[in-house]
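Below: one structure in structure tokens.
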């Protein structure tokens, strides 16, 4: 049967990335407390394609994914990147797994346990025989507006905000480390389950720690800078302002140009 | 050229609704302050299909839409419903236009003007020679938690919430009427532009009017019930809680079964 | 500590549904081939609230969810509905779990295995001591246009379409049953992994079975009508037309008014 | 009234970008055929913030947007970037307007006119007194699979795909130029309104021009490279495969590192 893909290309241009996008699979990820947890990921896989070939072989991405170790971690990502490069006879390979990650949180006074979910991703790039891995987490927090508190007789507007971090890893980094950094950067963490005593504590604690998006992004950046396993980072904060119909936004980017390829 | 659609159906089942979905068009809508405003709508159009025909003629929906009066209002909707029924030789027809609608708001103290956007829709049904029209608006508001305020030494968590209303119209109803009802039902309206004096006012005013989603949904329902141009309504409130990563939700449905078809 | 929620309501209106929305949790669901599978669900829970109470107690929804049996099925849904009604001292309760469900598919010629994902939901209503359960599945299929095939010298436009089904269950119904019904209703099922021999088969097989959205919706409706475990159904087909920038759409609704509450 | 924002920062870190996000406004954009057209945009605005200031002044972004020329073009973007830098006493400023843009298309045989919508954006960066402008367009096209056509007795799977382009402008560039490049790069353009004669033409024409995502991305890249007003570009093609539940994807990036800041 004819292999059209391996034929010559009409236009002699190299393609940076070609592959599959928006696949969904169940998988396991490493969990600091329990060893591992089950979740579901959305997956993108790609390789480069030299100027002389018409097309890549898309089904091989699916075979590589099917044959990958079912626990997603640094090692299985590294293997998959090498496997993609080999199966597709490519020079470079890229992968990205996006998934919700669940952590048991305890309410601050009653210690009632409940699961919180965090949107995460693990992104990997293999180029010139070097593998670079990037970890991403979105952490919801509460922000209390310092200006509103300072100028109002009582009260202050507060809202849910998200801290989005992407970091280049240097060795093994726990998602929990990034989640903690996010939680510590706002006026208060958010929780799945709060009883009245907890709600009183969270309200008063947040009210005593007002923070603009500018404060939150700096709080996170200073912590990310100080972490020994983090080589570079980008942190964005988006606050869904309760007095407006738009967001307040701040970003500090120390990922460098390294992550663009 | 063969007309496959007009051929016999393999399975003799009547189809409730068949048509086109997710079209985008620019159009004008009636504006209480300025006569009309330009916006952009996402459009769904459908008709019924008797058991004996294989298919409808999709291009006729596009022709009807192209030939429609460019100002969307009760009258142009009624005409389009009749035109669809006629062109497609159908018994019933449905339409839905979803669009952002802009209203100039004035900040409460400085009176600084700025545009606020509201997600709206106009839905129409023609069945048994009767046209029914439904208007929908989503109004963002601020909610301050009554429980958090009552139990905390100072402060109270607040957040953005949305009031989603769908009403069956009896005659001409302004989107502005529904927007006002939404705004009056929360702890405070939200604004596009607030200077410091305004922010102080909004904070204090919201803080003095705490409201659960249950309060907001009842406040809106009582106003919707009292409006002479509203025959039936459904109102939903979703509050993007600032202490949680999930929403609080409430719904009062007085649309009846009438809207299901 | 003051219980504001249990205080009197300012507006004496009963609320149809009040609760929590957009929670995420990991859970297990029944799997016909493997007994059960791990997935991740988005959860909405609500109860009614009588006119005399100011508010419901939101944290109890979280406690009920935490204490629920970790395998989602008809029995655990029934228990959760009863538990919600009891904990919240309500008359009625509602739940909805939305989750991706994975099924191993075999390519039609090479029999290469790969996982396909289907967006599913399980919705439950407890009213007047009666529990009703509704199952929903979205099945992607391929459609080849009968008109395009009939009028063109060669070729015919094809595209991905989705068959969205919601059925009221009568006893235990497998998601796999609904998935099969969806797959059999289009021009061809879609697959995660196809080798060249498979792609030839799928192309030729789809090309020999052209189907409008009208055909697909009727094919599904006739199969759903005939299933002994299905009491009522609604089926929608949306085809992401490859020659247009909008969708073709068809719907047959035999759920009745029963599902509205 | 106290100006908290102008106070000293707790953490002495410069912030790359701080501002507002997800504002919606109506506006006019230049239209090659009609002079201008009305549309609706989603807007993001930001500036840098030196290490010594606690916060920016968010309301000034809204004032700048309100005072901007109501027709969006290269000149009004340049003015807004300068105005933001001035009002916020910043070194750099960023803006992004995302909007649907409508172009009248004629069916290929009957010449029936109808509007097609394209998702577009205009992004601007002012840094070190240099303004750079980037234009983005997403063009839907039809792709017919060359492999499926070559190996099958008859037929070939086709699907809707999108060509996403972002280019750095050198002088005035029409959105229509980018749209034409996108349309010429696939197997066929897509249309809003096609009569049977048109559908026959589109089917046969697409069938005679099969194209992988690799072909489409190269076809677009070669045309973008040759355009005198385009300084750099990135083009991505995503094809919503009709035989799969995932996308095929290809990307050629010649924007360089220039666009990252």
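For clarity, chains are labelled A, B, C and D in written order, and residue numbers in each chain start from 1.
By our rule, a residue touches a chain if its C-beta (ideal position, glycine included) is under 8 Å from a C-beta of that chain, and two chains touch if they have at least 3 such contacts.
On a predicted model such as this, the values are computed, not experimentally measured, just so you know.
Steps from chain A to chain D, taking the shortest chain of touch contacts, total 1. When chain centres are defined as mean Cα coordinates, C lies farthest from chain D. Chain B and chain D have centres, each the mean of its CA atoms, that are 28 Å apart. Here the spacing of chain C and chain D, counted between their Cα centres, is 34 Å. Here the CA centre of chain B is 25 Å from the CA centre of chain C.
Chain A has residues 1, 23-24, 117, 147, 151, 192, 194, 196, 200, 245-246 in contact with two or more other chains. Taken together, the touching pairs cover every possible pairing of the chains. Of all the residues in chain A, the ones that touch chain D in their complex are 1-2, 4-5, 9-11, 13-24, 44, 46, 49, 54-56, 58, 146-147, 150-151, 212-215, 217-219, 221-222, 238, 245-253, 257, 260. Looking at the complex, you find that chain A touches chain B at residues 116-117, 140, 142-145, 147-148, 151-160, 188, 190-192, 194, 196, 199-200, 202-204, 206-207, 240-246.
For chain D in complex with chain B, the touching residues are 1, 3, 23-26, 37-40, 59, 62-63, 66, 100, 102, 112-115, 117, 192-197, 200.
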